[in-house]
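As written, the chain order gives the labels A, B, C and D, with residue 1 at the start of each chain.
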Amino acid sequence: MTVGYAEDKQNLLRRLRRVEGQVRGIQRMLEEDRYCVDVLIQLAAVRAALDKVGLALIEDHTRGCVRNALVNNQGDEAIDELMDVLAQFLK
Amino acid sequence: MTVGYAEDKQNLLRRLRRVEGQVRGIQRMLEEDRYCVDVLIQLAAVRAALDKVGLALIEDHTRGCVRNALVNNQGDEAIDELMDVLAQFLK
Amino acid sequence: MTVGYAEDKQNLLRRLRRVEGQVRGIQRMLEEDRYCVDVLIQLAAVRAALDKVGLALIEDHTRGCVRNALVNNQGDEAIDELMDVLAQFLK
Amino acid sequence: MTVGYAEDKQNLLRRLRRVEGQVRGIQRMLEEDRYCVDVLIQLAAVRAALDKVGLALIEDHTRGCVRNALVNNQGDEAIDELMDVLAQFLK
């Protein structure tokens, strides 16, 4: 069985490589003793970028796995699992 | 003038290197077609780790730069700036 | 057609009445000049309570409306709509 | 001693009364069996309004109590307390 994000995989990987680069950029800022607030603004940007990856993946998962489970009458567990994950993102 | 996080720098860098490794780990999970929900759980963990770095840096900044500004009667701008940053993290 | 939260309605209403009471309680704290931090702790509690209502309603909606839409081959719009709402909660 | 939000009190109370009205409005929507997504959009709006009240109060507290504590060399505890509260809002 294929994963829900199969068609979106390259897009997600590209975004995550960008996030990885941003995290390295923040390390560099600290090493160069850049002003705290400038570092914090970058941290908030990475956080927002990660949330977008999360949301894209939740969408892929819902369109793929949850939909399949629902159609095959196994929707209850799929939705339980989805809700657990959403609760973690809403924390 | 030193930055607010001067004494905490190695700690922050260590945490960010860990976050960077986690982001690479998530890319690997996608490449291995791991189950969406497992990937999402890791994403939520990275997000929480980033928030902790952000909070630690806000604390350093407040104890260092904001305190200095307040003592030197330049607190108003420092607090304006701090609030702008908090607003970004609360979004 | 019934709403997705039909069976959960009394539970949601009870929680919202409790949130309403908490919001009134915070107004009282302000009128009594209670310490800022105590007020903030209550505000954070109300926020967490609201998030729980939101999550419960998202669950009802997914188990009800989204499931129905998926089974009736109208899942695409239902998931678009769900994602828009999740994006607002993740902000 | 006055609270940090003394001058902002009427503004905060007005906002909280508005939040209270919004929470009652959501109860009414549920009683009228309004569509889940419309209810969720209102919930997200209330959450954003509460965050703004929280941020305004954090600002008042920082400009008032934290500043006073810092000037009187009792800043350490004041900042510890502030960070605990921020951590709750960032959850």
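The rule we apply is simple: a residue touches a chain if its C-beta (ideal position, glycine included) is under 8 Å from a C-beta of that chain, and two chains touch if they have at least 3 such contacts.
What you see is a predicted model, and the numbers here were worked out from it, not measured in a lab.
Trainee: Kindly list the shared contact partners of chain B and chain D, in label order.
Mentor: Both chain B and chain D are touched by no common chain, going by the contact rule given at the top.
Trainee: State the chain with the largest centre-to-centre distance from chain B, centres being mean CA positions.
Mentor: Measuring from the centre of chain B, the most distant chain centre belongs to C.
Trainee: Determine the centre-to-centre distance between chain B and chain C, using the mean Cα coordinates as centres, and give it in whole Å.
Mentor: Chain B and chain C have C-alpha centres separated by 28 Å.
Trainee: Averaging over Cα atoms per chain, report the distance between chain A and chain C in Å.
Mentor: Measuring from centre to centre gives 22 Å for this pair.
Trainee: Using CA atom averages as chain centres, what separation in Å is found between chain C and chain D?
Mentor: 17
Trainee: Among all residues of chain A, which ones touch two or more of the remaining chains?
Mentor: In chain A, 51, 54, 58, 82, 89, 91 touch at least two other chains.
Trainee: Line, ring, star, complete or other: which describes how these chains touch one another?
Mentor: Shape = ring; chains linked end to end, path closes on itself.
Trainee: If two chains touch, include that pair; go through all of them.
Mentor: A-B, A-C, B-D, C-D
Trainee: Can you list the residues on chain A that touch chain B in the complex?
Mentor: 2-6, 9, 12-13, 16-17, 19-20, 23-24, 26-27, 30-31, 33-37, 39-41, 43-44, 46-48, 50-51, 53-54, 57-58, 60-61, 64-65, 81-82, 85, 88-89, 91
Trainee: Within their complex, state which residues of chain B touch chain D.
Mentor: It comes out as residues 51, 54-55, 58-59, 62-63, 66-67, 70-71, 75-76, 79, 82-83, 86-87, 89-90.
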